[in-house]
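Note that the chains are named A, B, C and D in the order they appear, and that numbering of residues resets to 1 at the start of each chain.
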Amino acid sequence: MERLMRRVLKAAILGATGLVGIEYVRILSQHPYIKPAYLAGKGSVGKPYGEITRWQTVGQIPKEIADMEVKPTDPKMMDDVDLIFSPLPAGAAGPVEEEFAKQGFPVISNSPDHRFDPDVPMMVPEINSHTVTLIDEQRKRRDWKGFIVTTPLCTAQGAAIPLAPIFMNFKMEGAFITTIQSLSGAGYPGIPSLDIVDNILPLGDAYDAKTVKEVYRLLSETKRNVQEPDIKEVSLSATTHRIATIQGHYEVAYVTFKEETSAEKVKEAMDQFKGEPQELKLPSAPEKPILMTNKDNRPQVFFDRWAGDPPGMSIVVGRVNQVNKKTVRYVSLIHNTVRGAAGGGVLTAELLTEKGYLPK
Amino acid sequence: MERLMRRVLKAAILGATGLVGIEYVRILSQHPYIKPAYLAGKGSVGKPYGEITRWQTVGQIPKEIADMEVKPTDPKMMDDVDLIFSPLPAGAAGPVEEEFAKQGFPVISNSPDHRFDPDVPMMVPEINSHTVTLIDEQRKRRDWKGFIVTTPLCTAQGAAIPLAPIFMNFKMEGAFITTIQSLSGAGYPGIPSLDIVDNILPLGDAYDAKTVKEVYRLLSETKRNVQEPDIKEVSLSATTHRIATIQGHYEVAYVTFKEETSAEKVKEAMDQFKGEPQELKLPSAPEKPILMTNKDNRPQVFFDRWAGDPPGMSIVVGRVNQVNKKTVRYVSLIHNTVRGAAGGGVLTAELLTEKGYLPK
Amino acid sequence: MERLMRRVLKAAILGATGLVGIEYVRILSQHPYIKPAYLAGKGSVGKPYGEITRWQTVGQIPKEIADMEVKPTDPKMMDDVDLIFSPLPAGAAGPVEEEFAKQGFPVISNSPDHRFDPDVPMMVPEINSHTVTLIDEQRKRRDWKGFIVTTPLCTAQGAAIPLAPIFMNFKMEGAFITTIQSLSGAGYPGIPSLDIVDNILPLGDAYDAKTVKEVYRLLSETKRNVQEPDIKEVSLSATTHRIATIQGHYEVAYVTFKEETSAEKVKEAMDQFKGEPQELKLPSAPEKPILMTNKDNRPQVFFDRWAGDPPGMSIVVGRVNQVNKKTVRYVSLIHNTVRGAAGGGVLTAELLTEKGYLPK
Amino acid sequence: MERLMRRVLKAAILGATGLVGIEYVRILSQHPYIKPAYLAGKGSVGKPYGEITRWQTVGQIPKEIADMEVKPTDPKMMDDVDLIFSPLPAGAAGPVEEEFAKQGFPVISNSPDHRFDPDVPMMVPEINSHTVTLIDEQRKRRDWKGFIVTTPLCTAQGAAIPLAPIFMNFKMEGAFITTIQSLSGAGYPGIPSLDIVDNILPLGDAYDAKTVKEVYRLLSETKRNVQEPDIKEVSLSATTHRIATIQGHYEVAYVTFKEETSAEKVKEAMDQFKGEPQELKLPSAPEKPILMTNKDNRPQVFFDRWAGDPPGMSIVVGRVNQVNKKTVRYVSLIHNTVRGAAGGGVLTAELLTEKGYLPK
């Protein structure tokens, strides 16, 4: 009922042919009130979307989208667009997104370029929906009608979402994370095949560090039930890798606590974890952001990455074990291009609508 | 000089056609004083070794070996054999190895069946060479002329060898390990292909537990420079997986300490780590059991698994980082069928020769 | 309208947990008038389908199916079942299918056991729908109320479907086929991972021969527009392999003719190819059984295996080239577990309904 | 004896860090009279070879080579170099090679740039060693002291070597080839991983065509025992693909003849095939350029690519079958970076030495 009366939002997808772009197209072509109206890219400009796009995901390119022509990332051509999704590559994204915001467009970006601007939210709606108010500051400070909101690194989301209910409810001391990430996380062409067949590719210090930095910020923006320790006293580390899986970042976490903490309680906290998207019943909000499994050989990338409803929006957590009285181990799986990028972007747009930052 | 006068030992390899068996064949066909004299199996009995064997390793089957016929695992047929290497499957190995030992043969086993018999050594010569004396007890108790010595699980060796110098020199509190193991670790046919393409296979609770159990024992048998904490106070955990690599187990370790401990010192201890094999200059002893790398994208399975001299006998450790004052992180790579099985078995035989348990 | 009045058929799926079984479940849970009512297996009997099944396909296990218990393949327990789909393994299938047919059940089998019984149709509905009448003979001869209809080997279908319009319309002399098949074609556990990583697995003489034998039969049952040469004068050969793809058999065909034959005309014939399923507008009939592509780097397994509507029911053909005046080359891609098995089975059931062999 | 007196040739390897370059380094560091004296590259100039090189092959980087610094491809710096091996990328190779030849250096190139210059040999020494005399013409025409000799495309060699004895001895009508090639054939970074996991990558029209063009030339330069048909009347076609194998190009060939031709005779011709390298007993000449296997599941890429002595210099042929009286089928496997590039280059250098084009 309500939906029938809703205003339909026309969205532009910048980088629509990319690995995140295709998930936006897939999700929005079935969305109740956000429609993919404008597909933009660079090398593929002028070509029919269906011809040029490597559709490295499930299903087929929707017929009505396949014939759309890819257009340049030009604000002037987007008069009737309400909203910009920007999964552009790092470096290219920054200035383009600013230009759009300046021209009055709401921009939801998956790129790293503005994530750490002090007046830009870096949003996982279940974790830090209250940070949307940074937009007001941003507009004021920059004198923009539009604005920029970002989503975090997929790897950081994979780590932070299961850690959020832990940090919110227990006296966490540290978290030591090992990631086994998929190829799509690096975009296309991304990782050379000769780096990955019969191999594991360590991602190195810089990647480890940026993961940790984003997890710190996300945890620091949670709404906690315990007030200590301060996030600054928590020790976080990530050891990151890529292997020859197509989608899905798998992560192993050892979490230490300042006091005795039971794995059962930790499990329960993750299972119960909800946020504003669930309260507001946003269309892209999974009933449970974290799905728990009890099988000791799950989650598996191939079988669990599309978990949840909408598919790929729930993180699957399993192998939760008491290591010692103050240490708990678990593993998690996040769909990097969905929950970790496009799906997170759409969920953020839905939140912005409810919060009055987008027309309803 | 000395070598010319050495007695040549004739070895039987039980399970010679298997993934560990082929590494025994490869290593022994170039060994200064142990020769592959008898190749035994089950399904392949009666067939020429070169015809029936899947040579899933480097190089070619040595010509003189290719024509040998695979024979049954029958002590009666091995009159002139001095020594048995037994990489037989769990379950099958146990009774066969006992029979051989009873018949007077020295047996070096890579299988798990007798690893936790209280009178059987579980040997990583650099770590616990002094446990050979268990053989005396074993012979006495069982009234055997022969004996059984085992080598540990490849995964446990991959964890324990880098941990040994740490536990020996620092006040370790815990070690939280994540493994990313290769397919060959499960033997042939082993892992179904549909479990591993575009997937990560969690190995589950039982595999996690047996890894930890063996690491505990190995660490408890080190010769320590610090006397605390007792191994029983140390917290160990392993989260184990397999992916589509052919050889080489990669492991990430987060090690916590009871007091401030510098990553630099830990590095140094690993770099300096040596044991009796190095002192005795055993032919299969690598100069350094642990090779350190400073590149933050190494070790890599494809490029580093054959590290050391003899190839595959050194573990490569890298990405050593200070996580916090009391926590250090590193990653390691072990060649599972060489250092973790056949190479370890041959090194053990060499040690036994020097210690008088095998003729010299 | 019509559909509302149709009788709903209750189907049992024998081997429902297998790689073909899951495609039956996926397809039938959305089918207009055939419902999955009974799921049977062997090792998984007694367990909830959703718990025990490796869902190695797209989408999720339908909720209402996930809770169903896997039951034994016992005709006595299937009183209210109208129809049996039998993707049982070779050997196991034969006697079970006979028993069901004897007890009065219509059986559609994907297994090889009865394919070459002289009174059993081996059906690709677009090619040889007229052979359904063998059922009458079968019932008479065997005095059965039920009956058995089979579908061919997936590899043979992948070869025969594009060859059918060629053999029907041109004076074909020979076809020389090279297959690059996927892992799912061998079932689960199927191919050991160590046979397939960094390798190509030749399937050998027996597999080559059975492919050719089935293609001969299928072509001989086409309705031709040219009357020569006789199929016996046509030379067919297949060189078969498996590689590490999950689904989708890719095949390269060199077709030689007795007279000058243009690649353009051959293309047109494949593009125009239709059969009785299209005429009858059966629900599982794709509009085009063969979809032509002009891109010289397509079809690709990852991107094209789900082609058509219903997904996976169209074969994609490309790289059609004139080699010389009398030789044409093309490549094709078939979804082995859908078009080559479950989808073909469902299409056959739909045909049987229209032809009066199943209630409507 | 003879070897002791031989002059040692100092070789420069241009592109020494590449996938072909590393095989040159591996082979020459064990060569009786050609030594790797100068390693040149572009991006890696100034760095120690052992630091910068991805050693994607067997064994380890030889110690004495690891410390050598990579230098620019500058003829002026190579005063004491006798011979240039040039596995440079297409485009880059052409002008550099000309410059070296002009400066008086003998250049053996694996790149395509000069392959079809009318005065440049394109050499597979077993097939067309007599074409070395083109060098005389080349020097005269271009007024060079140095010269350029090329080796063909790896894929073309894989096709042409088994076809050579067939075309030489039988009345061949056509050959229809399907290739399944490895990733290393495209150099590094080469094929993006997302193109190859769970996929087959068709190489398209241009790649098909260049393969055929080179095979034509090679066959036309064989020394034939039958004089018809002319090569121009022979119909050749190639359908080319890449999959996720690291080294080794696998090819399926259907060969048609103008008259009845027995598979046994064809086998024999391939088995007996020898050329001048075998007669001259060149150090890199395998005893048999073609090794025949009778197992119907061989050759396999993983197990057979290093066949022959020196390793990787023999092509393995199997699955030879009579398709019909005038058609024979077989499959072959060539090590693309060894026989198809560096090994072929070294063999060519050895031939040039014996023929007086290089000092002996």
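Definition applied: a residue touches a chain if its C-beta (ideal position, glycine included) is under 8 Å from a C-beta of that chain, and two chains touch if they have at least 3 such contacts.
In this text, all values refer to a predicted model and were calculated from it rather than measured experimentally.
Repeating the C-D interface, with the same residue numbers in over half of the contact pairs, is the pair A-B out of B-C, B-D or A-B. The chain pair with more C-beta contacts between its two chains, of A-D and A-C, is A-D. Note on chain placement: the centre of subunit A and the centre of subunit B lie 42 Å apart, centres being C-alpha means. Inter-chain centre distance (subunit A to subunit C, centres taken as mean C-alpha positions): 40 Å. Put simply, the C-alpha centre of subunit A and that of subunit D have 48 angstrom between them. Shown for subunit D are the residues in touch with two or more other chains, namely 54, 56, 197-198, 244-246, 302-303. Against subunit C, in their complex, subunit D makes its touches with residues 174, 176, 178, 180, 197-205, 235, 237, 239, 241, 243-246, 250, 252, 254, 256, 296-303, 318-319, 321, 323-324, 327, 329, 331. The residues of subunit D lying in touch with subunit B in their complex are 54-56, 58-60, 197-198, 302-303, 306, 311. Across the interface of their complex, subunit A is touched by residues 19, 54, 56, 183-184, 188-198, 244-246 of subunit D.
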